[in-house]
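Read through the structures below before going on.
Next come two complexes, and both contain subunit A; in the first it sits with subunit B, in the second with subunit C.
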Partner chain A sequence: MKTCVTGPLLELNKAVPSFEESGLPPVPFNMRLMPGDCVFVDVYDISRATTFADVCSGLVPLESGNVQFMGLDWCRLKEKEINSLRGRIGRITKRRSWPDFIPVHMAIMLQQLHHTTVSQETLLFEASVLAEQFGLPGLPTVNPNMMSMMDLCRASCVRALLGKPQLLLLEEPMEGAPKELIDAFLRAVTRARDYGAGVVWLARGGSTMHRYYRQGVTSALRLTDNGLVTVRVG
Partner chain B sequence: MTDFSVQQGQDPEELSENDSKHALDLSQRKEIGLSDLLRWIRRKLAWTGQTFRRHIWFFLIMLGGGWGVIFESLRVRSWRRTVRYEFVSTTNSIIRRGLFSTMFTGVLTGIAAVSQVIYWLGLTGLATMTGSILINIVVREIAPILVGVLLLGRNGMLSTTELGLLAMNGEVRSMQAMGIDPFLLLVMPRTLAFTVGGFTLGILFSFAALITGYIISRVSGVITASVWTFFNNVTSAISPSDYVAIPLKFIAVGFVVGLGACLTGLTATNQDTLRSILPRSFSRGMLIVMVVSVVFSLDL
Partner chain C sequence: MSSEEIIDPVVIDETEQERTWLHFVVPLVLTCLALGFIAWVGISSYKATNEGALKLTRDLMEASQRYIGQEVGDYIMPVSAGDMVASNMLAYIPQQLRDKVFYSYCTTMLQKVPQLQSFYLANEQGDFILVTRAQQKNMFDHIQLVVKGDHRFFRHTLYDLQGNKIKEYEQSAGQYDPRKRPWYKDSAGAKGIKWANPFFFPADRQLVMTSSIRFHSDDGHTFVFAANISLNELSGYLGDIKIGHNGNAMIVDSEGRMIAARDMLIVPHLFSSRWAVGQKLTPESRLLSLNNHPIFSLGYDHYRVMGAGAGNITWKGKTYIVLSSKLEHSAGWVLLIIVPEKDFSSFARQSRWQSLKFVGIIIVFSTLLGGLFIRQLRRAERGLRVVAEQKTRMLSESTAVWHIAVAPNVFNPTVEPTVLTEQLVHVTQARRASLWRFLHDGTMMICEDSYDGAQNTHTGGFEVGRSELEQFFSAVEEGNVIEISQAASDERTIAFDRLVMREIGTSALSIYPIVSPQRVEGVLVLEDATPEPHQQYFMALVTAIASIRFLAQKQSEAQFSLQDKGTKKENGKEGNTLSSLQFDNLLMQASELDSVKGTKVYDSVAVLVITFSDPVVENTQDIMDLLELINRLAVDVKTIAEEKQLFAVELAGHRMICMAGCTAQPDLGAIVRVADAALKMREAFIRALSAADLEPVFAMGIDYGPAFGGRLGPEGHVFNLWGQTVSLAELMAESTSDPGIIQVTDRVYTVLRDQYLFRSRGTFFAPYLGIGRAYTLATRR
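Let's look at the complex of A and B:
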């Protein structure tokens, strides 16, 4: 599978999502994200943010148009190619994503263990470093139901940033988080952008993003019933 | 009857207009009648198809899923670290945790069935048939059913619950978003783990039942032969086809119980709850075990 990293990292080209599958308005969505860019998408309903992130990941069928990630159209790829391409996306989602029967450290490394051949020791080390950066005492080995919501939020950050993903889809990642975690997270996002990752930050208007990271945003959009509308940053 | 003849004082143009209207009415009625008939046929066909599909859709899913598991398990690339981890942990869970209950059930079967068979055959002077009857009744028929039920109750229901909750809570969707195929990660390794577990526990169950039956019969003085003679009688009663059919039956029971439990969980929808999927999984599992048992009894 030949991927393209010189052009846009993520491109929504008049993509009309299926209303039956997504609940998003069946209007054309246009967005272009270059490597290292950070696009802020203002949403009024966080469930729409999840669905929009699904559109970016090629999980929602389209009525027309296309969504390309790393130069590849999701609709034209085979199932196995789609899965391996999704392995390059780090995501913090509001949807439940911690299976109760998998210990947290395994769930954090699951994507990397599944898609890469990086040794487990290396992944454990990288995950432990990230976990400490986000304020965890180490890599949690307990089951998710033994952890607090805030610790799961920290674990979500570790999982999303582990393995240097090419694209970060962040659905209101720092809602209600303490200042130290926000700072650590913004530093990690900046580092990710420095190595060429694109960031789509989906949040409600007055969220952390606006308060702390306004200067880092490349462009700001609003998800409306008419599609994505450009809004002024600042 | 309609009179089409020209009446006196009637305008010919008006007449032709009336005629054309009447002809239009007739053709419309004919069209409506035909379209009604077509609609009725379509409705009946849809109903027939819906009923048929509702009853066989799980069977078709099982067929497709079974083929998928076999096909994917033969591909080296399917055996990623995560899949291997899931396979090993499920196999451990099935065999280690199911060992005691399986052995205990085997011991009970040995007391209740094997020793009774030995006693009654000895009493009626048919002791030479002991081996073949034990093989045909206990090992070929009872063992696969009991092991299947144990697998279903201990691990099958657990898999249905775990996968059902994943499907109902949207965690399956989250896995897909990470590029992880739930079938590859969960269904395939678990089904194969059930297969290995079915075979292992089935053999252990049979051994426990036979040895317990022998011990009880020996202690109660029904038989005086040594344990080696007893097992020699039993093994000499096994036909060459039994050496294939018996392990195959254990393997098939484990495979279908695992596959059925996983697929029942994974096909749960938002409208489902644990209260709806667990009884469904249990009844399907029981049905599957019985069907496999009957199929093997008929064909082999």
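Let's look at the complex of A and C:
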């Protein structure tokens, strides 16, 4: 599989998502995200943000148009290639994503273990370093239901940034987090953009994090019933 | 989705299917096959028996029919044969001898053949002679019609068996003319023997029938020889023979009139009154019809349609077997035998019933055996399961003992006894296992460790007092094992249930006191456990280990208490004077620092790292205010450090490192002083920051353990400390969950849990450090 990182990292080209599968309006969505860019997408309903992130991840079937990630159309890839490509996406989602029956460190590494061939030892080390960066004494080994919400938020950051993802799909991240964690998170996002990752920041317009990261946003869009509409930055 | 909801349906289905197939379906199918085979054999046997019984029945009936036919033929034959013999004999003898021969022949025949009633001989001239049985027994009446002029009379001459004339008398004959009698007239023109209709003989009222034959004598006369045969004997014979249970036979003539039948014997009595007035048995009255003999009537109809042979008829819902045959030596007579079908099918029915009973019994027994077989299989399977469970349990216990045996520092009281509680839960299937230790001479009890198997969590450090649990304490101090199924209803454990158990909703309680040679040191508590009797040795093992730990803990605390008192006493003597600062990076230093020469390894150093984050400053005034605040904080830190007799406080940019216990001899009180200092500093920082209208911008981390450090630099003015303890303290400070938090390692928690309150943050993995726990220090108890 040959990927392209010189052109647009993520491109929605008149992509019309299936209304039955997603609930999104069946209108053409257009968006282009270059490496290192951060697109802020203003949403009024956070569940729509999750669905839109699914569209970007190739999880929602399209009625027409296409969604290309790293130059590859999700619809034209085979299952193995799709899985491999998804290993290059980091997500912080509002959807319930911590299974109760496995410890947090496994849940953090699960995405990379599934989508990539990186060894568990390497992932363990990288995750531990990230965990310390986000204010955890180490990589949590307890079950998610025994952790506080804020520590789970930290673990979400670790999971999203594990494996140096090329695309970060962030759904209203760090809402209500302490300043130290926000700082660490913004540092990590900036580092990711520095090495060429693109960021799709999905949040409500008035969210705290949006205000924090206003300066770092390269473009801003609004998810409406007519599709993505460009709005003024700042 | 909780782990309890995760089910692998494939595995369960396969196991269930295999068990169902092996223990239910296969035996059931085998039993059904066996039953089917038995039923098939039974039905085949039944069919064969039934067919055999029916064939035998038919053979029997045909044999009966032949026998009856033979008997009837034999009954009639003497008459027809006698007629032929007598007619030939009388036709060719001289006239003078004719009467004598007639008398001799007839007398002899009447003596030898009982069914013969009388003989007639008449000619066309009206001569008539008759031999019949007299009313007296063994007497024969020779009757001759005598005509003298107009006077006609019968001359009766009675003879006995020897031929002696006994009596002679005359009787008026009236207008009797033999040539007008039916037996005479009917023989005219007939070839061979002619049978007349039956009638009741006047002399003895027997039903008789006359056979007559016409012949011509040598002297040119025409004679009619007639013989009367009694049908009573034939009817009596038909009445005597037994055909099945309810079989009946009848002889009818070719026109369907009764000749002989069982009930013909009663006819004379029925008609006696009518006979007396001149009525007689008419052909119409003997004609078979549905009114007099419906079944025989139907049987005769069957004969007329189908001919001789066997057949079935139905009357009023019952089936009858009809056997009909034409009798030889008779005037076209037909023998009808009617038998209810059930008489002859009863054998077959009984045979069928026997077969069905036999098959039924075999099926019932087979079903019973099949059921027992399945039951036995299930019992065996249950037994195997129990054995397997016991084996698993034994393996589990062995594994638990092995885990305890290989656990490092299991007797070391500073290491948490997690392995003990975990293995207790594992072995006894308890919901929770906890180890409690008596404190302060038994006035308090502290939970050393409590492991919740369902949640897979360890907790501990909480205390309960004797005042709250007086009865529970007393029960434990008795030193006996107590098993309580409902702790909430037992007076000894009501309070314990309310305080401890209600939180997770357990009900059963098992109490194992931990006893040392001197006294009860604590108690092992299992909630909702199912301990087996043979597991007592494991409980004894765990309580013995816990006892050793508690004793060691007690000794350690005693030593610590003595040392603490000694240190305080020494400090008091020296008037708490500190040496002047010799190192430029230290905010505070203890007098012991003077004696530090070079670098050294310290075994029990308590390190407190405080990190500050930069507040936002916008102008010079803000910077001046901030510097003043920092200075105030530094003064507070120095004051507290001196108060808590820390070894040194080192400043490094945003970071402040407080240390204690850098002494040649291990300072067991160092960690306590550092913890106290941390609490005081936090209070002071928050107070100062809130006064400056700032958020808490600091975090603290504490670790306790070995470290190395000493003088650095050409003049030795720099004191510094390194090692994992310092790194961990820094990690704790940098990774607090919230600002203003004191986060400590599990080493600190283990030492201080009796004196401070902690909140667990969880278990974490760090590279090169392994898995450890982090706690938040809340306050002093």
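The rule is short, and it goes like this: the second predicted complex is superposed on the first by the 232 of 234 C-alpha atoms of A that agree within 3 Å, B and C clash if a C-alpha of one lies under 4 Å from a C-alpha of the other, contacts with A are read in each partner's own complex, and residues count from 1 in each chain.
The working rule: a contact is a pair of C-beta atoms (placed from the backbone, for glycine too) under 8 Å apart; a residue touches a chain by one contact, two chains touch by 3 or more.
All of these numbers come straight from a predicted model, not from anything done at the bench.
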Three-chain arrangement built on subunit A, subunit B and subunit C clash or fit: clash
Which of subunit B and subunit C A:Met147 touches, first, second, both or neither: second
First, second, both or neither for A:Leu59, with subunit B first and subunit C second: first
First, second, both or neither for A:Gly87, with subunit B first and subunit C second: first
First (subunit B), second (subunit C), both or neither touched by A:Leu139: second
Contacts of A:Asp45 with subunit B and subunit C, given as first, second, both or neither: neither
First (subunit B), second (subunit C), both or neither touched by A:Arg95: first
Contacts of A:Gln120 with subunit B and subunit C, given as first, second, both or neither: first
First (subunit B), second (subunit C), both or neither touched by A:Met106: first
Clashing subunit C stretch [against subunit B; choices 277-285, 295-303 or 385-393]: 385-393
Overlapping contact positions on subunit A, where the subunit C interface meets the subunit B interface: 99-101
Contacting residues of subunit A [partner subunit B, same complex]: 53-54, 57, 59, 79, 82-87, 89, 91, 93, 95-101, 106, 110-111, 113-115, 120
In the complex with subunit A, residue positions of subunit B that touch it: 80-82, 85, 162, 165-166, 169-171, 173-174, 176-181, 185
Complex contact set, residues of subunit A against subunit C: 99-101, 105, 124-125, 128-129, 131-132, 135-143, 146-148, 150-151, 178-180
Interfacial residue positions of subunit C with respect to subunit A in the complex: 1-3, 6, 455-457, 613, 695, 699, 731-732, 734-739, 743, 761-767, 769, 771-772, 774
